[in-house]
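So that we are looking at the same thing, I have put the structure below in structure tokens.
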């Protein structure tokens, strides 16, 4: 059968919460970053779906998606750089190790 | 084309400076002192340039728009960056990657300019990221400090997370309204459940940037971890930029949801003031202390925003202007002390006025302004915010805000007390500060005293709204 | 005359002080500045009386108004009536005396005198401003100098007292602020202008909300029970001039505010709340007096007695008769002068004996007759001896309060009258213990008052006698103001 | 018409003395200050006599009635249109008489002090204080306005305080002056409230208007004042009773008398002036001032005056019999004599023959001023001679100080009411008045007069007889001319003052009142008086065991009387135990721990709360994200479902 908007929205929402769950639970910083990517991808799915099913006369959603992908890459780059730096100073990329700043 | 040049002047000038820096970096023939001097001059010119050849208009069919008020806001940010370049000269000179730092800072500033001028959600998103990601990198510039990288990591991760949430919200808005254009969205909004959800997710991003409770938790850690210059940039410039765009987004784009966001603002601003103050009470580290106090300040800004659009806008812009001077002065003093003697605890400041009267009095003035004590400008800023908020006539809200002023006074006085009253055998030794820094501090003090008393400044802002 | 001079002169003095380097110059500049203020106050008095004699019956004289934040309906609007003139005179006297007694301050002299002048600036501005915003502005200007004066130059548990004082006063002014905002928006005209607001009828339910806010807010300043606890600690920790300014000027800001803002703008609410005000003030009077009996430290004695004496101010305001309100203002003036002199004398004694414990002093009259004679005079003034200012004020309050025929106010008045016995008890116990009896041998070689102390004392004494011996001029000055407030009651 | 300037001078000259000596005395005048003050006072005395002469024999009388003249009046403090404190001068028989008495006695005391206080380092201050007192007293007696009286009332109070505490390094003196001030102050509160009541019910503070308003039954003020009743008595009665409380305080009536004996700590001439002749009779004067109101509008208040006066008279007389300090004996006798004056007023009525008591009271006031001042100054001379107040250090002084002895004897005879000395006439009139209007009081008075004679002669014999020759060998004279002259003058006064036809001048309504001499009536008092004298002679002329026996025989009562019936202890208990411990201490405690505690508690509470919530800032970036999302979703739910 032809998948409808709701299927896609369901998938994207699931993806969103999987990403959130990952972000909350994973110890490894890089993995957390990946789960953020999941969130962004779910957003992308949303945009595409809305664009295709509801507002197909304009292509705003499409462009948005492309830009999100680009930005995500940039963000990832900086994040990775920072994480490497963190590894230099902490000798680990375990989020548990980074609780010096608190209260 | 000509139009394009004038309307985008601030961004273009800034881009020019950034490229210049890039070339200098490649060429690397120039020492920090000279480069810093050059930059200070350039930034000053940039700031002054902001006053000429401005006219309202929009570009890229409404993606980019500018008005007199927006230009003024950009200039306030320019001024802040210029002051930063002066105030933290001590630190900059000893920084080996200074050009990069400035490049990042100016990129972020560029992002903020676009953010303020953005007329559409895509533009908004892009510029917001441009304004955020470099700051995260800046936060990491104390390469040898563990805390610095930790702070940077926290910043980049949580900001990525928050932008994820925001994008989710944006996507829902797009889904609900079918447009990402600021001028068209209000026409499509009807207050449906989906829109409420979308708005609140969207709002969460602002809340994150402005560090509104409960989205504030990253703030203190990042402030403490990152170098003082980055902290002050973060707490003054980026906050200011986001507040500016927040104003226009609320008053223009989400006008149909006004009832919703008024109640929302009341709740979060009370929470923000209370939590910020309560946390600031027990802080020992001066940066952390200022972080929480700035959170409380944001609470007050929200009180102002909750008011009617005219007075709300003008009072917020005015307050940001005041806040630039007071907060930068405070941070600068803290930095001057921290770079010479790694003293960042409030207790280290005890008996400081014996050895460093100048710094002590500037700090006192800045803190009084933050606490909203006359005749400093902070008094006027706070009072206008409260008056704007009171126009909706909810006494309880205003009483809570007013009582929070007392709590905040309490902890500001803690610092004053440490500096002036408590005894200490070995206070901080005499600190010699750069002439440029001293000049900037005097300028800040003058600003703190005068901005409020010279009422035409406020009237000018009012006239632009 | 142009009233902004009253703000400009302290301002210029302060700026000049900042520029100066050495301490002696600072002192003399401060003295000159305060002397100029005194002269100015007298000029003001003279012109004011001239105007009145020439038959100018306008409520407010010498109005001047400058644009200031017009978009908020704020204007730098100045003007005086008799009450404010009286207050300004009081301020001028206390300021110059305060500058004189702190002649020997060595620690951060410049900043010290700067703070004093700043405080006086706040007081003058407060008394002459007809715009609620700038009135509030000046009210808060006066707070931080007090904090620093106590915290930096004070003694005893100064940090604690300074904190307490600053926070409680700020709390008071926060309430005032909310009340002001309430009036600002309720009035319909978005204006802070006192005269404009007094013209229009503020809706009663707004009054019922705003009046308590304003009254309690200002009441904190003038030691309204139970918000008085900053008074004892603050006064006793402050340096001499600090306590003089606190009790002499800053407590009067509150009384003036209660009268000029709360009662004047919101007559209906004032009527409604009168009972509560009277009860609280009577409590303050008696309770303060009895608490004073138990104090051992001279400064605490005077501080607690200030609570009791300021109770008379609030009683007079609460009674809402013309005579009573006049009496309240007289009591403000009288108590200001008297308590300033009292603190000055305590300071002189402390500088010599290095103690303020009554029990540790005895027979000082033999060694420092001038100072102790002052102590006697001021003590007698505070227990209301005829010929000194206290008598005039208290009697006027009593007379005014008695004009209410109902039993409640009668009872209140009688209770208030009883306090004058208690006053006599604690004043005499302290004064006779310190002055009379065999001389404590450790005080064999004390020096009597120096020129500056003598001058300060004589200035204040002259004022006290001027009020006490020929009160009519002051009454004629004040009572028209009270008259206008009463007219609004009807 | 009276010459206003002269009358003003009478009052202001002493003030001038006070200001001059008070400010410059110690620097410039030194020992000459005594002379300066005395000469100033001499001048005003002369003026006072001149005024009296003018008033009584020239202009005072208009068709058979002495007028109340108000030659001078200045509005000093305007409360409200009707009510104002006026500084005025009222000239009527009483005030003129008082002018004479005050100036004359004060002059005597000034002169006496020249010798008595010589070689005292605070000589100028002493005279300054005397000047202040004289000024205030004169101002008091000429007051034309009830608040003016209160004004000077306080001033005499404070000058008495200063003079009692003159020897400020003696703790007993300090205690005494404090006590005197506070007790009278307490009474003054009554006076003050009384003034408020009267002012409200009469609508004025001016004596003449006030009396006019409150004594003529057709005025509204009168009607209202009588109508308005509180606890069963009319407002007016209350007001007058309160005023009388003030009067009783000044005049040392029971139970407010406790300050008077201790007040003897002051220099003896001061006691003579303030605590015998002038200030203590201010209360009597005040009641006399308001007499028409008492008599016409509030008889019940007047009765109170009568009984309090009578009781005080007897009470004091009994105590006086047991005291050993000669000044205290005199103090109690003063109290008793003032009791006489009081009940004389109390039993009197207004107008005509019935006003006898009023006249008698004023007459006794006049004569008493003479002989009591005389007695005190005599006692002063004795003390000056033996350097002690105690009877046991005296005895057999009649040879050593003849003049003192003689004058003192005259004084004793006068107070004992032995004809033809002054006391006899006045006392006899009082008794007559009492006899006519109130028998009970008459008997009390009679007993009192016998006691008076007894204790006065006990005093006399103890001082001047009782042992043959005084152990004091070196004989340094009984004081110079300056000390003897006043004694002699006062003795003459005490001897002959009685022959003045007083009723012709002073009477309740200003008309002439003929006070005849009733032989058959005066037998009883005189006989009793002589009896008292002889008993005293029998007991004390020679040293013997009788007094001890007598004391032992009625030991309980004697003890009680000796300890002044423990009134002081009662007061001490009330003040220390009740006021201080039950009110003062709790108040201070409440302030320290409750009110202040609350303030501190708010501060600490906030601190603690902020400490408890710090764990939200856990440092875990993931928990931050959780709060973030929870916040977003929470707000969303709030606004979608709860707060639409």
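Details
To keep things simple, chains are lettered A, B, C and D as they appear, and every chain counts its residues starting from 1.
In this section, a residue touches a chain if its C-beta (ideal position, glycine included) is under 8 Å from a C-beta of that chain, and two chains touch if they have at least 3 such contacts.
Here the structure is a predicted model, which means the values were calculated and not measured.
Shared contact partners of subunit A and subunit B are D. Simply put, of B-D and C-D, more C-beta pairs touch at C-D.
Central chain (C-alpha centroid nearest the global protein C-alpha centroid): C. One simple way to say how far apart two chains are is to compare their mean CA positions; for subunit B and subunit D this gives 78 Å. Chain centres here are Cα averages; for subunit A and subunit C they lie 66 Å apart. The distance from the centre of subunit C to the centre of subunit D, each centre being the mean of the chain's C-alpha atoms, comes to 37 Å.
Chain centres here are Cα means. That of subunit B falls 42 Å from that of subunit C. Multi-chain contact residues, meaning those touching two or more other chains, occur in subunit C at positions 167. Residue positions 603, 614, 617, 619, 621, 625, 629 of subunit D each touch two or more of the other chains.
Multi-chain contact residues of subunit B (touching two or more other chains): 153-154, 157, 161, 165, 220-221, 410. Pairs of chains that satisfy the touch definition comprise A-B, A-D, B-C, B-D, C-D.
Considering their complex, residues 164, 167-168, 226, 228-229, 232, 287, 290-291, 293-295, 322-323, 363, 365-366, 380, 383-387, 391-392, 395-396, 398-400, 402-403, 405, 413-414, 417-418, 420-421, 424-425, 428-429, 432, 435-439, 470-472, 475-476 of subunit C touch subunit D. Within the complex, the subunit B residues that touch subunit C are 311, 314, 368, 373-375, 379, 383-384, 386-387, 390-391, 393, 395, 398-399, 402-403, 405-406, 409-410, 413, 416-417, 420-422, 455, 458-459, 462. Residues of subunit D touching subunit B in their complex: 603, 606-607, 609-611, 613-614, 616-617, 619, 621, 623-625, 627-632, 635-636, 638-640, 643.
Of all the residues in subunit A, the ones that touch subunit D in their complex are 20, 23-25, 32, 95, 98-103. Residue ranges on subunit A touching subunit B, taken from their complex, read 16, 19, 23, 29, 32-33, 36, 39-40, 42-43, 46-47, 50, 54-55, 58, 60-61, 63-64, 67-68, 71, 74-75, 78-79, 81-83, 85-86, 88-90, 98, 100-102.
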